[in-house]
Every structure is written in C-alpha cells, then in structure tokens.
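Given below, in the form of structure tokens, are the structures.
One chain, chain A, links the two complexes that follow: it is found with chain B in the first and with chain C in the second.
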Partner chain A sequence: MSIEEKKTGAQPEGQDGQQMALDDERRVKVLSPGAMVAKRFFRNKLAMAGVIILVIMFIFSFIGGAISPYGESQIFEDYEEVVSNFAGATINTDYRYTEAYSGSLPTTARTSMILAVNNGETTYEAGENTYQLTEIGEHCYVISGTATVAQADRLAGSYVLSSDAIEVSDDLTAAFNDAMNSGATTFTYDGVEYTITGSGRTYYISAMQELGFATQEIIEADGLSYEAKKEALLALLNGETSFSADGTNYTVELDDETAIIFSGSEEVGAISPYSIQGIESGTVISTELRAQIIEAIANDTSSFTVTDAEGNEVEYEVVRENTRYTIRTASSTRLIQTYLAPSTSHWLGTDGAGMDILTRLMYGGRISLLIGFVVVILETIIGVVLGGIAGYFGKWVDMLVMRIVDIFYCIPTWPILIILGAVMDSYQIGARVRIYFMMIVLAVLGWPFIARIVRGQILSLREQEFMVAAEATGISVSRRIFRHLVPNVIPQLIVQCTMALGGIILTESTMSFLGIGVKFPYASWGNIISSVSNVFVMTNYWYCWIPAGFCILLTVLGFNFVGDGLRDAFDPKMKR
Partner chain B sequence: MRKFVIKRLLISVVIFFFVALILYTIMRCIPTSFVESQARQLSQLPGAKSYEEWLAQLTEMYNLDNSIIEGYFSWLWNAVRGQFGDSWYWTKPVLEVFSDSIWYSFALGAITFVLQIVIAIPLGILAARKQYGMADYVVTVIALVGISLPTFFFATLLKYVFSINLGWFDLYGIVGRFYDQLSPFGKFLDMAKRLVLPVTTLTIVNIGSLMRYTRTNMLEVLNSDYIRTARAKGLSENVVVNKHAFRNTLIPVVTLLGGSLPGLFSGAMITETLFQIPGIGYVSYDAMVNGDIPFYMFYSSFLAILTLLGMLIADVMYAVVDPRVRLD
Partner chain C sequence: MSEQEKTSVQTADDILLEVRDLKKYFPIKGGLFNSVVGQVRAVDGISFKLKRGTTMGLVGESGCGKSTAGRTILRLLERTSGEILFNGTDIGTLSKKQLRAIRPKLQIIFQDPYSSLSPRLPVGEIIGEAVREHGIVAKEDYDEYLDTIMNECGLQPFHKDRYPHEFSGGQRQRICIARALALNPSFVVCDEPVSALDVSIQAQIINLLKDLQREHNLTYLFISHDLSVVEHISDTIGVMYLGNLVETGAKEDIFRNPLHPYTQALFSAIPMPDPDVKMNRVILEGSIPSPANPPAGCKFHTRCRYCMEKCGKEEPATYEVEPGHTVTCHLYADGNKKLPELPPQNTNAASAAD
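Moving on, here comes the complex of A and B:
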C-alpha cells in the first residue's frame, strides 16, 4: 500500500497535479557547488566506507558506553570456594597435666614425673616435695604429694586456718590447735595425716594430697571441673557409660579410644588421644568443634557439618594420613577475574585488572575521539588566527608569524611529551588533569601546519578580484578576513583537519601506550594495548590487545578515507 | 645560489636559537624539587656520585640558580663546544651514549628509506596511471592503512605472528645469544635477521605518505599541457610516462626525499623500543622516561637541528633539481 503511494508520489507532477513536460525547467537539475561536492563525495566508495566506519565507531563509543551494563573501571570479582587444610589431629604421645587446683603441679614436678614413670618408680622427689604416682590406666597417673594445704595464723591466742586447697572445718581447726598445744608436729584428722611446719605466728599445714593427674589422652572440656574431668577419664578407662561429679550426672559415649561426654543431651567435652591444632597459627578451634572432630575420627566418618557462630553450616572433611588426620574445610576467597576468556557476559573477556574489555573499549573510544576533536578545534583556532593574520597583512607580520611557525615546527614533539609525562609521573598528577594537559600540549605543538595552509590559501586569495571588490566597497578588515577569506579556506581546512584527527588519535594512543597519556582509571585504546608489554599477556590473551588495535586502525582509517574523499570532492581538478 | 644557502643557513641558526630557548625554558619550568629528587635517585645508583655532587653538577651544568636567559646562554655556550654533560640515566657522557647508538638507528633508517623508495614510487606511479582503477584503489587503501596503523600495534602484531606463533624471529634485541662466537659474516646475518621485523614495521608504516605524494604529483604532471602535447605528437604511452612524466614527477619527490635524509639519524623511538634495538630512539626513550634532562636537552636539540637541516636540504634540492626554479 505504502509502496503504491510512493510510486505515484514519484511521478513528475506539477503542484497543481498536472503532468510536467520533458523540458520543464523544474526537471532540469541545477546543483549548487555544495551539492556538487556532496554528490562527488557520496559517489566515492572509499569515502563512504570511511563514513560508515566512523559512524559505527561513534555509535560504539558514545552510545555503546551508555548501553553497556558495566562501568568504565568496574572490577569483576568472584568468590571462589577453596578447600584448604584447616586443622590437623595427631595421636598425642606427651603427657598432659590436669591440675587439681591452680599451681598444684609446678614444672619440676611434671618433668620429674616423666623420669619416674620411665624408671617404673611410684614415688619421686622434685624440689623439696615428695610425690606419689598411682597408675589408673595406661599412661594415666594420679599424682599426689605432700603439699601445703593450709596456712595458720595466730590470732588472739588461737590459730585460724585458711586454705585454697581444702575445706577448712571447725573440727580441723580444733585438731590443729590441739596439736599445737601438745607440741606435736603431726596430727590426724578424718583419716588424713597433716604435718605442721613453720614458726612464730605463721604455720603451714601440709598433707598428702591429690595434686592432679597426668595422661596422654587429650581432654577437650573447658567447662568441666577437675573432678569431672578425672571422673570422665576414669569412665573412659573403665569403660563406664556414665559418671557423676559435682552433683551432676554425665553420660559418656565410648568408642574405642575416645569418649564423648554429655551432660543431658548437651555435648560438653571429649577425651581422645588426638591433639588438634590449627594449620595456620591463630586459628581458634572451639571445644565443640574439637569434640566434633574427635567424634568424626572415632566414627570414621569422612565429613561432618558444624553450625558456626553466625549460624552458617560449615562442612569439614577429615582425611587420614598414617597417624595424622587432616581436617579440611572450604573457605571462600575473593578473586579478581583477570584475563577471563570471551564469554556471553564478557564479550571480549576481562583484562589484567579484571575489567570488561568491551566496555573499556567503548569508554576508550570516547576519550580518544574527544581528545582528537578538542585538539583539532584548538589547533584550528590558533592556526586560523595566526595564519590569517600572516596571510592577510603580509610583509613583516607574515615574516614574523612564519618564523614562529618554523620554530614550532622544529620543536621535537616526542621528547617534550615524554619528559613532561615523566615529570607528571613523579608528581603523581591526577588522570583527569593529565588529559586536559595533554590536549593543550598537543594543540600547542600541532597548530603550525594549519597556519601554513591558511596563510598559503589567503596569500593567493588576497590577490583575486573579489577581494579587490571587497576592499573597494569599503568592508572592514575583520569582515574581509572572516567573511570573505576564511570561508574560502574552509574546504582545505576541513580536509586537513579530518586527516589531522586521525593523526592526533594515533599520537594520543601512542602516548597512552607508553604510559604518558591517558592513565588508569580512564580507558584509552592505547592504554588497553599497553598490557602487551607483558609478553605472557601478548602470547596468551589476544583478546586483551588485538581488538583495541583494530579500533585505532579503523577509526584513523575512517578519518583518512573521509579526508581523502573530501579532498577529491573539493578539488575535482585531479580528475582526468 | 650561495647567497640563498647562506641566507637560509642564517635563518636556520636563528630558528634553532629560539627552539633551543623554548626547550631550555620547558626544562627550567620543571620544578627544582624534581631535579633534586633526580639527583637523589642518581646518587643511589651503584657506583654513582654522591647526592651533593650530582646536585652541584646539575646546578652548575644548567645554571639552575641563574635566571632562565642567563642559564640558557651558558648552556648554549657549552652545547656549541659540544659539552652536553653526563646522562643521568646512563651515567655516561651524553655524546658517548649518542655515538654508541646512532649507527644502529642509521642502519635501520637507511634500509627502510631504500625499501620505501623502491616500493612506494613505482606503486604511486602505477596508481596515478590507472586513476580510479583497481590498482589505484588497492594502492590508496594500502597507503591509507599504512598511515593509519599505530606503529606500536603493528610492531606487536608482527611480533605476535612471526616471533611467537611462527617462531621465525626473536622477540627482542639486535644480536643473538651466540653472537660473539659467530664468524664476521655470521654476525652480519644475525643482525640482519633481527632487523627484519623492525624494518618491515617502519617500511609499512611510513610507505603511505610517499606513495600518495608520488601519486598526487604524477597526476598533476599527467594533467599538464606538455604531456598532452607529447601525446598529441603520437608518442607511445610508455615514452610519455617514463620519459616525460616520470622525470617531472621526480622533482617534488626528490625534494621530499632529500628533505627527509637527515631524518635517517633521528631514530625510530617506538619501533626501536619495542624491538629493543639499541639505537638512539630506544636509548633516548629510556633516558627521557626516567626524566634524564641532559639527554632530553641533547636529543631534542639534535632533532631540531635535523629538522632544520631537512628543510634546508629540501629548499636547496628544489632549486638544484628543477632548472626552472631560479633563486634570487
């Protein structure tokens, strides 16, 4: 339907709907010079290819960056579960001591005990004290010895006893006072023989007493009293499934070498021959976890789950290596996803900093194109003004300006760019400031060629008749320059600027490649490629640098095609 | 002619004076704390002079306590006598570093130059003869791609393909590991092999402008009246092109090439750095990236002189090659 309409609409008709004659003047096309240029331009295949490339690059850079779901310097991270060794459990072969009360077994008593056990003795001396060993099981000994159990201070004619280790009863005090009064150095109370030492106002009462026990079993029960621990050990040794201590009833779940202690249904501890230590220093292993590990070892289960303080279920694995058990658990580690291969979520993968390369390319294109345009505009302003002045006024003005142009033409660009880059590096100037600075430096170093073109053009245009006419009609100088001369220069200027744009993008990307241009966090095609300075990246991650290189190549090529096409379109003389 | 050359020379000297002044001013605008930190860094290099010595030397060398103008004149006086001081980065006299490296650059530049001429001029002429034909399009596209190729990318691409994937060449360096054990001819071959990739890079990247320049000028000549006359006389197309057109095309081309002769010494900074050819470009890049001011002053003055020389040669060549040009 719509095609039909179009066809009829295309019929050459006058406004009143009448058929036009073949020689109707409305049918004879007269093209303006601008339209001629456009026609020639659009017929040039290379130029059109350039236009298409440029349009694609602009869409890619300016719209693509907005569409891309990722940010310019968004770093992609991943949490990866890494199973690592958490703790080790080994069969213990050292004696561990449990003291009846704090300080009851000094170090000398402990070390001498081992000697005594090895020699098969049941009593031994350490320091000034005598200790007795009672074997209650294999590698399990109860240590008792004469120890000071109480202190007696004379107060108002009688002695008052105080003690940490035993319960001081009135009867005991009375017995002591009797002994003191009778001058005896020993007394017996409740079947225990006490010895009195000391003099003056303070006496010490010592007695044969249970001081603690030594065993090669490891008792993991922080909450239990000495009595309870000892009873639990005895229960393990004797194969009993329950015991009571301190008025509490405990049940014991026995399995070969280990015992899990329950108070009611709550697990309060475990006894095993295994000593459990964290692989990394500083690992805190709770009693509950220790008990769980022991249970797992005892039951030969290879994994178990424990709910940690935050309520998460953590799974542990138990691996046996000879006499050693290793407890492994999965811990999550934060990983930056560097050099990911292209995939559906990252079409061109990620780079060495874990950023999406396609998105970086889009933002990089923005910066490269923006820098190109800003620099060319600045160059054009300086070049047109100075070139125009030189060309129009001639004589000494021309001489002066052209010598300035020569001077700037001779200034070597790269040494200056590099040395300024090195200085900015050492002052750690921000990336944004560097971009502005780069634009200014490139413009200041790049304007001379535009000034030359403008001057050359104006020099020849100045002598033409229309300028004589303009002068004769009394038009002001600035109007003559900017209304009559500069518009005639514009075609040449556009051609040169288009070509120059490509050149500036090349310079900018080279600078960024060398690390003296656009810097992180900003992306630029050049600094994306600079990852190839690492040969490993160049060899293994083609997607990190080849797309960026082709972006530069295509964009510059686009500008050059368009510039070339424009030149041919503006200057048809070249046609044979 | 002599008068013209002398006048141009004098102008060149004046221009150089101002260029060097600008270069010196830029150097002086670098805050002095930078110089101090440089001296500190330098003094920490193994076997280097002490910090005070460096600072004193730098200050004296560049008259950093004097005004810019005063300092400039004393620098210029030293430079004219060939005293450029010691490079901070290489810890050797600048001129020694220069004479050690310049011939590598020259070799690289000269080979590229010859290849460029051999390839670009025939192709440019071919393109002009077949304007808007297939050959012209191909040549134009090749030339524009060459111009548009970023050197660093193309060099990396070549390394990726020929060094890494095909393994034909080594990635870096000008001599191989067993260079010292080779016979003189073997040494030559070793170096030549290592120059293949850099020369290819430079040739492809630089060939475009000469190709297009030749094409443009050839077109201009082919459109001129005397070519039409030659054709009208009934000369064969080959004679017209090879005898009449080609000779006239050579005028601007030879001028351009003459003007680019001094450029053979300027070194190819990016290419040399990427292939680690110890030419002047690589050496000066390394020095300047590390803020080596003596080397910067020397190398940029050197480049300015080369540019001026190029302009001078181009002007003289123009007059010499084309008998129609008369100078007054």
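Moving on, here comes the complex of A and C:
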C-alpha cells in the first residue's frame, strides 16, 4: 500500500460527501495481511536468496534422485587387467618319489630311506621288508627291495603263476615248479633270485625288484611312464640328449640343471630342481606351462608367452628374488572404483565405497529434508496441541503441561540420542526403521519449544480485547479459537518452525556423521561426510566431503534466511 | 425472587437494566499452595436502574472499578454476588447456552480500537461474523444489511474487504460500533469509547453514538473519566469511588448541585475554555487507596476535606437528597440539601501536594 492510498484510507471521517467519491475504482488492490506479508517477504532479498537456495535443494534432492542414472547404493566396479603374482618357483630340497608301480613305495619305505641316505647306508629295513639303495646321481637313488612279485596257485597238480609286476614266462613257471618239487625255497631264473614263501595251495614268490626312485629333481611329465621318467632323469644326470623308453624316442634339451623332454617336437615334460606352486590355492598349472616356466628360468628370460586352453595368448613374466622365482601374469580382477576423481560419468567422483557421490548427495538430500520436515510437523502437532491446551485453559492444565515442558528441557539430548543409537545397533534394527525411530525421537525431544511459543502467544492473545469482543458478540468457542486465536499464532509458528528445520537437519547430519543416525544403504549428508574418517581422505579426496558439507551449509542457511525473512515480514513494525 | 422480578417489570416497564448490590472481587493468590490470601474489591456493591433509551454516565478516576462494573454487567466477568436484571432476567444465573442467545442484546464498545479488532479478519467479517452466527437477518439480506449498518456508522461498503490496520483510530471505533450495532442490541456498554481518540474525532463518535441511540432506541452505560463527554451524552450520572457508587442522579442535578465531596473535587477539575475564569479547584490529597485493602468506614474519608470522626468508623448510608439524586455520605444524615461551604484550599499547599 503506497502512502497516497493510505491517506485515502485514513482521511474520511464523517464527511459523507467526500467519502462517497472514494470508490473502489480509485483504490489499488486491497491487501490482506497475508498478502502484505507476502509482499514484504518477496521484497526481502536475503529471504528470496533463501527461497531460491531451498527450491534448488528440493529440485536437486527430489527430482535429481529420479533423474540420476545411478542407484542410491550402486557400487561401481571395474574389471581390470592387473599384473599379479601367479606362481612361485623355488629350488626343491625334498625327495620326491617316483613309484615303479602303484603302491610300490609305502610311506614307511620313503621315510626310512631319508634316514638311510643321511646315514650313508645302502640297505635299510622298513616294516618287514628290506630295501636297497643305488645312487645314480647326486640326491638320486634307485630303491630296490624284496617284494612279492607273483602268486602261485596250485591247479591240477601244478602251479600257475600270476603277477602284476613281472612277466610270467613258461620258463619261470617251470623253474618254480622245479623248485617246489625239489622242496627248495629259492630258485634262480634269468639271473634273478626268487624266494618262495607260503604253504598249501598258494605260494608267494618274492624277488629283489626295483621299486622306484627318489630324487630332489622335480619331474613334470604326467604323460610319461615310470621307465621314461627314469630314463629322462638318467639322461639329465648323464648329460645325454636323447633316450628311448617303451619304444619311443625322446630328445632332451639340457641346460645346466634342467632338462626339457621332447617327443618329436612336442614338449612332454621337464625335469628341474624347481618346485612350482600357484600363489592362490586351486591354481592349476598345466605341464606345458610348468615346462615353459622351467625353460624360462633355465634360459634366464624374463617373460614368455603361453597359449592357454581357450586359445588366448597369455604373457607371463618371471621375477627372480634370490633363490625364489615369481611368475607374474596379467589377470582380470574385479576392482571397486573408490575415490574416483570427478569425471563426466561421475560428476563428483565416487566415494570410499565406490558409490557415485552426486547421486548419494541427491538421495541424501531427500532423507535429510524429509527427516527435517517430518520432525518439524510432528513437533508442531505435539507442540500446538499441548501448548494450545495449556494456553487456552490455563490454571492447573497450564501448570501441568509447562512442568512437562520443563522436564523435557532438562533431558540431555545428545546422550539420549547416542544411547538410543547404540540400543538400535544392538537390536540390529534395519536402516529404514531406524530412520522412523530417529524422526520420532527427535520430535519427542524437540516439541517443548513450540509448546512454549504457542502457549505464550495464546496467553497473550486470550487477554486481547478482540477476544473479549468476540466473546461479547456470542461467537462459539471453536470459532473463537480457530478464527480469532489460531490465525494470530500461525505467523510466529511458521517462523519458528522454519528456523527449527535448519536445526533439525544439522542434528540429523551430526547423528549420521557419528553413525547413530541414517545408515547404509541409505544416504544422508551426514553419513556422506562421515566417510571422511582420516586426514588422508580429507586432504586428498575433497570431492567426498566438501559437496555434502556445502549442501548442509546451504540448506541450513536457506532455512535461516527464509525464517528471518518471514519473521521480518510478519512483524508489522518492519516496514521495508 | 420471581415475585420481585414481576414487580420490577410491572412497576417500571421502561426500566431496561437494574443492578442490585453488584459485587466483583478478584482473589489475590499467594502462599505455598496458591491459596486465596486476599481480595481486590473492584466493584463493591453498586446498585442503579437504567431506563430504556437513556444513557447513564459512569465516572470516576482510574482504577475505581468502572470498567470492571461494565464487564461484570455483561457477564464478561463472573460476578461475585448481586443481581443484574436485564428486562427482568438475571443475567448472572443464565446457562452458557442462554447467555449466548442473549449476547446480541448486550454489546460493548471498547476503549482501544486497535486491540479490539482482530488483525487477521477483514472488516466485513468482523462486523458480520456474529450476525451470521446468530442469524440476525436472513441469508439473502445479509449483504444489504451489512451495507446499511456500515453506512449508518459512517463506513463505506468497500471497506468490507479491508483489514483493520488500514484504518485510522476513529474509523476503527466506527467499526467497533458497527460490530455492536449489527447485532441489534438494546443495551450497549461504552467502555471509554473516545478516550483513545483525538478531540475532533471524539465529537464525531459521540454524535454518532447519540444519533444511533435516537434511531435504535439504544440504552447506553457510558463509562468515562472525561466529564465534558459525560455531560454531553448522559441523561443520568453515577460517580464511582473505589468500587462504590457514591452519587447518582440526573445529569443536571449532579452538575448543578454536586453533593458528595468526591464529586465536588472531580467536577472542579473540568477545564474551563476561558483563561480569565478563576478556577476554584478542589485538590484531593494523597492517592486512591488500594481496593484490596480499602479504608474502614467511608472509603473516601482518607482524602475527604469534610472528614468527621464517624467517617472512619461507620459506613455511610445512601440518602435521596433530591428526587432521583442519591448520595452516600454521612454529611446528609441530618437532612443537608447542599454541600456545606469550606474555606478555599491553600493553593501553595495544593501545588506542593501535586
């Protein structure tokens, strides 16, 4: 209302003629108190800045979350080729046994052998058997022993021999039968002395037999027979470049301590002092790969390429540390993209858990603002009802309500919040229910100030003459309360609630920061900041926490500006 | 009781309001358990009759209980004892429902036109709210009725949509009057309606009130401490001192022949618009005693120039000195018709006392 209009409004006093001329056409718009407030509010630059901030924050939080292509708790991963340790190779110092046939060297034979070797003995006994050691090279022994080689069953007056270990020839059978007939317990056939044990229908024939060999060399040749392995070892020991076994000719590529065995051009095995094991348990290292590794070690090459089962060429690299060789290869690894710097796909980068910070901020804003509003609405409902009752009815009701308010003011808020947070932790309450609890707790702890304001306002308004006038005109009580009392309380209430909103958002952020508020998977500005738990993150990954802090700052500032603006606008003395 | 009522209706059918020994005490609470430790005797037994269509001026200094009396009569405050007979019905005994029904007949205009209008309602709503609430006129006539009432009170129809803050004090008081008048009352308490207004506007409002009284046959209880205003508007006058009505009578009688020493002192303070006239002022010494602890005997004796021995001991009776002119003072016990002359006060002492 301009000054001129004011004059026209205030001027006519009883001068009827003049007054009649002041019709509606000459007046500009009549402003209700609400419109006046709005006008004053919109003229307040700071308040408008606050409104703009809040509108932006709301759009950012509520619409931004819907627009964002990422989910609230979506974790970004990447498969990356990372050169990692694949296998280790060390010089072996344990004896490895190669059996002539399955079960020929029982465990007792193996352990006793080491003892015998250490003692320099060439024969030793283990269990009921006697074993003989024949050194064929350094740390290479052929183990022989008396072993049952055949079984003789009496059939139709003569014995029939059967055996897994030796070839049963008619001559051998005849020699056995001769021995049996002569009552001898030993017989010699083809230069080998056999001993006969047993009785009745079944006899066992034992003989000195090659049972296997023990060596510290590691023979990687699954496809080769015992004979071939032994020949290969002998070839290595003797420095021969070829051998034949089982009717096949093999060539050996010798290099110092190792030997690579070829059958034709195919690599069929390798002998080396190196024990090769995968770094991760369960890694399968094929014979070919082993051979390649040994070859690489032998040749002192630092890398080689192997074609794997799927036909891909995999490059390996060999690193030597003293006596240990590490074979490294590039493998595909799942990587969580933590602390990514801002980029076009992640405008504010990602946080320590690999989630998009901008998206988290949007969802966090939703929760922070929602908590703020819900808590303020709950506070207002409780505060207005209790404060209104206290103010309107006065006397003992007022006394009672105000004492309750006093008690609530005495409750130390933070210890209660922290304890409740811990209790919810121990009961493992879900993240969503936690938010609801948090809203209720904050509202229950926060209503007294609204009750006080409402009560004070109503107490003072109740004594205003317009309330007496309303009573004198005989208007009903409910109408007096809702038409005359409440509209006069609302301005104060709106101002206080707006101011309180900022405070609640701060409280919520602090709680979430301390880990007693909103929890993963839900985002809140507070728990986004709480990911910054050390100086390193704080100084190196500014984009993790500055934006969230900025959001809190802006929102609280916005609410305070709007609150101040509303207070100035509602105050009739503030005529800007 | 019912017999009494009947007789009062029969004997004086033109008497609209009769107040009999009305008392209003406010309890003073204190002590540990908020017990009543004393009472403020704001209205301590007043009685008067008010004829239909007349105005009674209630005068007295600040704090003497004028406003309390006005509000107690309208039952905006609950009386302590006494009867308020409005058209023969005791307002004090009505139930809330009955009271609400009778409210429109008894209206009040307040002193402060700023605080007596709800700031968040438009003027039309302020005036018309109760009209609709009580169904004073039919719905279809409502707008027209409102315009008529506003016009009568010197307001324009387009003022309806405005809010109180857009009006000056005088106009606000017109709104207050319109609010009271719209309910078609028969009795209006005017609680110092002009004391917050400047002099030129006072006259307009007083004239408006007089015009309305003539047109609507209204009965006013006009509470004021401004004697010139009271003289202008009243038919009868009641002088109050510390909760008591010390003198009542027709306006002419009281102005011509003030009987009570307090009335004399009060009237001597009316300013004369002539600088040459030597004012014979009676200066009251000391201040008004506390109504919580009023003096024994005649309440005025602590400040009375005519104070006698028995004034401090006995409460004076009410004497009808002239027809319709009553006074409550020991001076008239022996049939005095006039206040005895006393030597004029020492002006020096008076100014010192000021």
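We take it that the second predicted complex is superposed on the first by the 303 of 576 C-alpha atoms of A that agree within 3 Å, B and C clash if a C-alpha of one lies under 4 Å from a C-alpha of the other, contacts with A are read in each partner's own complex, and residues count from 1 in each chain.
Rule of thumb we're sticking to: a residue touches a chain if its C-beta (ideal position, glycine included) is under 8 Å from a C-beta of that chain, and two chains touch if they have at least 3 such contacts.
Nothing here was measured: the structure is a model prediction, and the numbers come from that model.
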*In the overlay, answer first, second, both or neither for which of chain B and chain C A:Val556 touches.*
first
*asked:* With both complexes overlaid on chain A, does A:Ile91 touch chain B (first), chain C (second), both or neither?
replied: neither
*So, A:Leu370: does it touch chain B (first), chain C (second), both, or neither?*
neither
*Give the label of whichever partner, chain B or chain C, reaches more residues of chain A.*
B
*Please indicate which partner A:His484 is in contact with in the superposed arrangement: first for chain B, second for chain C, both, or neither.*
second
*Partner chain(s) touched by A:Leu506 [first = chain B, second = chain C, both, neither]*: first
*In the superposed arrangement, does A:Ala469 touch chain B (first), chain C (second), both or neither?*
second
*asked:* By the touch definition above, which chain A residues appear in both interfaces, chain B in one complex and chain C in the other?
replied: none
_Touching residues (chain side chain B, partner chain A) in the complex_ = 11, 14-16, 18-19, 22-23, 26-27, 30, 34, 37, 131, 137, 140-141, 144-145, 147-153, 156-157, 159-160, 164, 171, 216, 219-220, 222-223, 269-270, 284-285, 288-291, 293, 296, 299-300, 303-304, 307-308, 311
*Provide the residue numbers of chain A that touch chain B in the complex, in ascending order.*
45-46, 403, 406-407, 409-412, 414-416, 418-423, 426-427, 502, 506, 509-510, 513-514, 516, 526, 529, 532, 535, 538-539, 542, 545-546, 548-549, 552-553, 556-557, 559-561, 564, 573-576
*asked:* Per the contact definition, I'd like the list of chain A residues that touch chain C in the complex.
replied: 1, 6, 9-10, 12-14, 16, 19-20, 22-24, 27, 30-33, 464-466, 468-476, 479, 483-484, 487-488, 572
*Touching chain A in the complex: which residues of chain C?*
71, 74, 76, 99-101, 103-104, 106-108, 110, 112, 115-122, 129-130, 133-134, 154, 156, 158, 161-163, 165-168, 170-171, 176, 179, 183, 200-201, 204, 208
